[in-house]
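Quick heads-up: structures coming right below.
Presented sequentially are two complexes of subunit A, the first with subunit B as partner and the second with subunit C.
Showing the complex of A and B:
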């Protein structure tokens, strides 16, 4: 259970950040940081168990039928990552307090950040791959929000879009890969998957699975060829870059590879795909980083390069390489986060990130400079710092593999070259920024940052040093437990020492150092060579690709759908015919065995009305008002037939819906042409006529055949159980509020969404208002006839009483919340018609939005109420209570649900009708005014 | 006895519904059609009440009540539309 609290706490922290925003930045960060701090404490409480190699689990059944559980686990690897995510997250929160200026929405920033943190801990703690994937997607979404935090800047929006597109596409590939894996293994449970190495690797789809999962990991971790989104994501505020693009999000891909290491690694395909990608990324990133004049650009490419290094290590597939990879994850997170923060400080206090202007800053900010220098030395792999240790391990591992056969020697050579470039750009970061002359024309005079802005950097740099000098004492156990989790078995023999004796890896290190210095001080030569290549702007390339894709899909859509209703309906009906005709031909006789019901004159009259009016609607469809009236006749007859065939509930519903519909259409009709011209060519008319005659015949035949045959339906079950299980005798209502209550809940939600959508759509609309009717006769002068006002006013109390009555008896007799809601709406709308908007608005103080949302809330709370008694969602409860003088009455929780339906129906229908009606009045601008207030 | 009366009256009302339909289709003015529709609503009330009498149940009463109460609303809305175009102003 404790594990479940970790994502829950960070998630609540994001809400806390929003609510404490008004208290100011310091209070906001202090309160919202409590939540991840508690989460971190929960994780740290398990330290002993994790170091004793226990695996802590928490599982709650969620959708067992789909193999979905809410399931969390804590082993060495997730322990390590959780600590990185939460601890660095806390440091970044402190840092961002000083980084963001007072006028920026700090609450929103922290809310996004904590939501992102939730997603990250979700990934690392998940014990179900689908759940992990869910959190994975959540990181893409939240990182989109974070990168575009300065949403007034176009580069931030572009960078965010690109990151979302690339990582989102990778997420889809990952989902496909995980689904395949789940199918092969037969479970989405991580425990099961991790124990199915043979099964997965021997399955036919192993290669596809591997590629799909790797695409997911590579896109997230900015590996070649997907790395270009990372530099563009640098448009984010620096705390975001420090958090997402050094310690967490980009490490999610690495985490995935490490998580899947026990099952996917160890094959030829894994080695080739992962190590070659890693090596390419390592080299390209290190090379490009040297040429970036932007501080954050340099760090971004350096991150790309270091991620490549970790990927390469994982790709080598040996046990020791995996240990080195885990070690480098820790080291890279510490030094890169501190470097990003230092870059942010420099940017913040000097106003520029351009290394061509930033020179000689050591004089102005000596402490920050020293910290940054130590961190970049760690990045370069200088002895006594943590970066050196993992780099030595990396060199050792590159020397000990032989998978490329006779050209295996190339890997250590390339690794040394990459390391040399890494030394070169680290040197540039130090020498160019802090020394090398005096500052260019900077917007501000550089100075030291506020005291506490530097604290996170100091903490991280101190860690770099301590880990670098006393590796075994500080991270030994953490590394061991995480490595065991990655390897899924025993730990290979290794020891963390600074001095391993004079050996080949040390020679490589020395070569890299010397080479790096040589490259840096002769960088002008390289700059000149690089200038020969036209600089590529990935953003433009990406935009063009997106545009091409969009054009192609539009072309495809236009080919299929011309936007003509006639055409769409024709194809729909044509297909329906194609599928229904053959089975109907197989039927021997149309009529079944059931006897015909006796025919009486009323039915003949009703059927005549129905047929004549339906046909007349088609014939007179050009005259819209006339066809509307004809449709009302059809609706009336249908309602009577419902009553006649023992469906009083349906009759009541149909009647009230008819009234609301006609009002709605009349409201819309005012703004529309009264007559429609006939556009169809004779050929089209023939086509449409024949298809509709055919489909009419088929539907008629089908109905007749169905109704003349005996049918066993589910109705018997409801008749038998409505009273017993739902506590009501009106089966229709019991089905609505109890048996299928979840459906009803969904439907009222959709209704509410539709109402809000319509409201939003017409909120500021101004439409042409005709001044005369279709025959050119001007409108009548009397807006609100007196008689009409009086009669309508009298209708209101009557209708309210009836709706109350219909509502209350609904559980046992025809009626219920839906019908009652419609009756109330009609009664209110009648007042609008009779008295006009201006008269009514001050008199009816109903906010329809509030009504609608409280209705939904009531329905939801009634549904959730069942949880208190350990019952499923929307399980209804009922009992009989004896009230003096009134007698025994039945109380059912379904009543509360029905009340929710009632309020939602009133709110939604009134929101649509009153706002559509208000379009012609002075009230149409109301939403704007309300916002202004 | 009552059921015979119910059958007889409902036959008459069915016939009057057909006459309503005739007026509706023939017109000539929109006003004729609106009145025809309104009369159809009235006849529908009668039909539903008669059904209740015939089946000896009160279950359908609310249906008739609803038409009596709300049929007026749609008729008046259409009239307002003819008169002013804009039904809520």
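Showing the complex of A and C:
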């Protein structure tokens, strides 16, 4: 449980920072720092257990079926990283208190910082790789927010965007790699993965997995060729650089490689990929750092170079190299964070970071200068400081590998050259800034920073010294437990001493020192050579690449989608054809073995009429009224065929829907343009004709093939239980209101949504109303013929009675809520047509919206009713009741549901038609008139 | 009979698809209506064709498969809602855009340049 509190506390700290913002910077930092301090205390409480090589775990089950648990673990490696993250985080928070000015949003800054801290501890403590990946991406997001903290600056925004794009893309690669790993191992649990070395390394996808995971690590840790985002991220406030870009986030990639070291390392591929990348990064970073005039630029490239060094060590793959890597992680975090903070102090107190202006600052800020000099010396690898120890170990390891065969000697040589450059830029940092003349044209007169701004630097520099002099006593156990976690087994023999005797690594160190000094004092030669190369701005290159990508995707999209609906629909249909034709070709014969029905003349006549009318609809589709009439003939024959082939319910529904649809379309004719333009070119017509004939052919073939094959239906259950469980003999109706009642409930909801959508579409519609037909003949004067009025009025009660009858018998005989609702609607619509809107509105006091919603509500309540008797949603109940004079009738809860369906259908169809019809009346704009409906 | 039925479904599909590919909204509405008839018949045919076998329980009579019928019944009603929605949408488009082309701008009028946003 305790482990779970660590990310939870830092996350709560983030909220605390937001809430205490208005109390001022000091209060804000004091309160929000309590949370990571407590988290650090929790971690430190486990010190003894970790040093005794125990692994502490916390697991809470989340989605066990998917192998997703909330799962944390603490071992030596995560212990080391958690301490680095939380302790340096606290120092950075103190430092930032003085770095940020009073008018900046300190609360927001600390909220981001603590959120980032949460993500980092999440990565190092996760015991599930997917969970780790989640936190990994969270660091990308929060670092985006932190880098762009000064979001008024364009370089900050660009730098943040670049960092997010590179590390985010790397994160996706990592996810793919982790998913592959999880597939191979069969678990996403880190414990299981770490024990599956043989399984992973012998799997076919090992190389892909390795490359994907390494892309994730390399992008995060700014390795070649992805390192360019890191210098641009220096647009961030300096506390962010000190924290993210020296001690934590860039180390996440290193952490990942160290974490996966037991399962991924030890192969030829690992050695080549990781060590060559590390070596290249080490050299390029060290070389470029020397030429940066910007203090933070120098430190950024130096960070790139040191990260390359650690990567190279991990790449070497030997046990001792891994120990050296862990040791250098600790050392680099301490000296680089302090150097960044010192650079921030110089920037803060002198107003510039340009080393061409910053000279001779020692006079103005002697204490800061001394601290920075010690830290730089550690970076250069001067004896008695921690950087020296890990660098010696590094040299030793480069000498002891022989993996490159006869050219293995190159690695120590390049390592020495890299170290020499590292000495050179460290010297430049010290000599250029603090000595070498007097300050140039600075915006401020430099002076010492506030007392407490220096404290974090002092703490870190003191650590550099203490670790450098008493390595075994200070970090011995920490290093040992972390190294064991990396190696996943026994610790090799090593001893942390300052003096190892006069040996080859020491010679390399001396060479690097002398070479570094020589390079620095002859740097003008190098600067001249470098001036011959045009300086590349990665930001511009990156922007251009993004622009090209965007242009390419736009070009592709414009090619696929021209914005023409007809074209899109055509391609959609074409694809449908392309997918359905091949399987049909695989069918041996079109006709199956099922016996077919005999033909009779009536059927032939009906079919002929149907086909002729369909084709005629197409031929005369520019003649609107004629095509509509032909279409209604098709609809009628469809309903007749339902009746013929034993589907009375469908026939009734189709018939009533047909009436409503045709009335609706007739109304639409009034408003739509009277001319139907022919927009199509002959080529287009041929294209559409061919695709539609082909599709018709496919559908016809499918229908025939399906109908002539034996039926293996799942309907037996419904047939057997309709009476028993549903209490009705009309199986279709029982299915609708009982067995599949939930589906029906969904369907009437869709109907209601469509009706309400239509209501909104109509509400603000301003339509042109023609006063005459296409030939200029005005509309008939007698809108509501007397005979029609009388007959329809007489028909109304009759129609309502029929619908009532259809509704009541629906459970046992053809009928039910859908059909009854449609019949009632038709009866009411008839009144509208016969008498007109103006006459009817005051007489028919029905609010269709209320009708519709009460229908849905009734259906819902009937469904929920089951809960009272501890039954599932829509569980039906039925019984027989004896009513005097009428006799025994059956009451089923499904009847209530059907009533809901009935009301919804009336409400929806009337809302559509009455509102549309209302548009034709002259006073349609009067709001209260619309309200009445 | 099955062959004739399949032929009818095929014909209706063809006509529906062709009309749905036209440029003016009313033709598209006609096409979709025709297409939904065809689809309903196709789904219904999933239960095979039988005469005089309505799915009403009576003792000792053979009945047809009720399941496709239940599916098609709601499909008919939803199809009506869809047709209505498209019709009203077409009318609204005509009211707001002044024409009845499916893209809102007929090809014989000068076509507005399709704008992609050029923000970076």
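Some notes on this structure:
Operating definition for what follows: the second predicted complex is superposed on the first by the 563 of 933 C-alpha atoms of A that agree within 3 Å, B and C clash if a C-alpha of one lies under 4 Å from a C-alpha of the other, contacts with A are read in each partner's own complex, and residues count from 1 in each chain.
Throughout what follows, a contact is a pair of C-beta atoms (placed from the backbone, for glycine too) under 8 Å apart; a residue touches a chain by one contact, two chains touch by 3 or more.
If you're wondering where the values come from, they're calculated on a predicted model, not measured in any experiment.
Look at A:792: by the touch rule set out above, it reaches subunit B but stays clear of subunit C.
By the document's definition of touching, of the two partners only subunit C reaches A:700; subunit B does not. Touch criterion met: A:688 reaches subunit C, while subunit B stays clear of it. Residue contacts after overlaying the shared chain place A:631 against subunit C, while subunit B stays out of touching range. Greater residue coverage of subunit A by touch, when subunit B is weighed against subunit C, goes to C.
Once the two complexes are laid over each other on the shared chain, residue contacts for A:495 go to neither subunit B nor subunit C. In the superposition on chain A, A:648 contacts both subunit B and subunit C. In the superposed pair of complexes, A:813 makes contact with subunit B and with subunit C alike.
Contacts of A:602 after superposition: subunit B is touched, whereas subunit C is not reached.
When the two complexes are laid over each other on chain A, subunit A has residues 604, 644, 648, 669, 813-814, 916 in contact with both subunit B and subunit C.
Within the complex, the subunit B residues that touch subunit A are 7, 10-11, 13-15, 17-18, 21, 24-25, 30, 33-34, 37, 40-41, 44, 47-48, 51, 59-60, 62-63, 65-67, 69-74, 76-78, 80-89. Considering their complex, residues 543, 547, 554, 558, 562-566, 569-570, 573, 594, 596-599, 603-604, 607, 610-611, 614-615, 617-618, 621-622, 624, 627-628, 631, 634-635, 638, 641-642, 644-650, 653-654, 657, 660-661, 664-665, 668-669, 671-673, 676-677, 679-680, 688-689, 691-693, 695-697, 699-704, 706-708, 711, 713-715, 718-719, 722-723, 729-732, 735-736, 740, 743-744, 747, 750-751, 754-755, 757-758, 761-762, 765-768, 812-814, 818, 822, 905, 908-909, 912, 916 of subunit A touch subunit C. Those residues of subunit C lying in contact with subunit A across their complex are 1-27, 29-30, 33-34, 37-38, 40-42, 44-58, 63-67, 69-70, 72-74, 76-85, 87-92, 94-95, 99-103, 106-108, 114, 116, 120. Those residues of subunit A that touch subunit B in the complex are listed here as 600-602, 604-606, 608-609, 612-613, 616, 625-626, 629-630, 632-633, 636, 639-640, 643-644, 648, 651-652, 655-656, 658-659, 662-663, 666-667, 669-670, 769-770, 773, 779-780, 782-783, 788, 791-792, 795, 798-799, 802, 806, 813-815, 823, 826, 829-830, 832-834, 836-837, 913-914, 916-918, 920-921.
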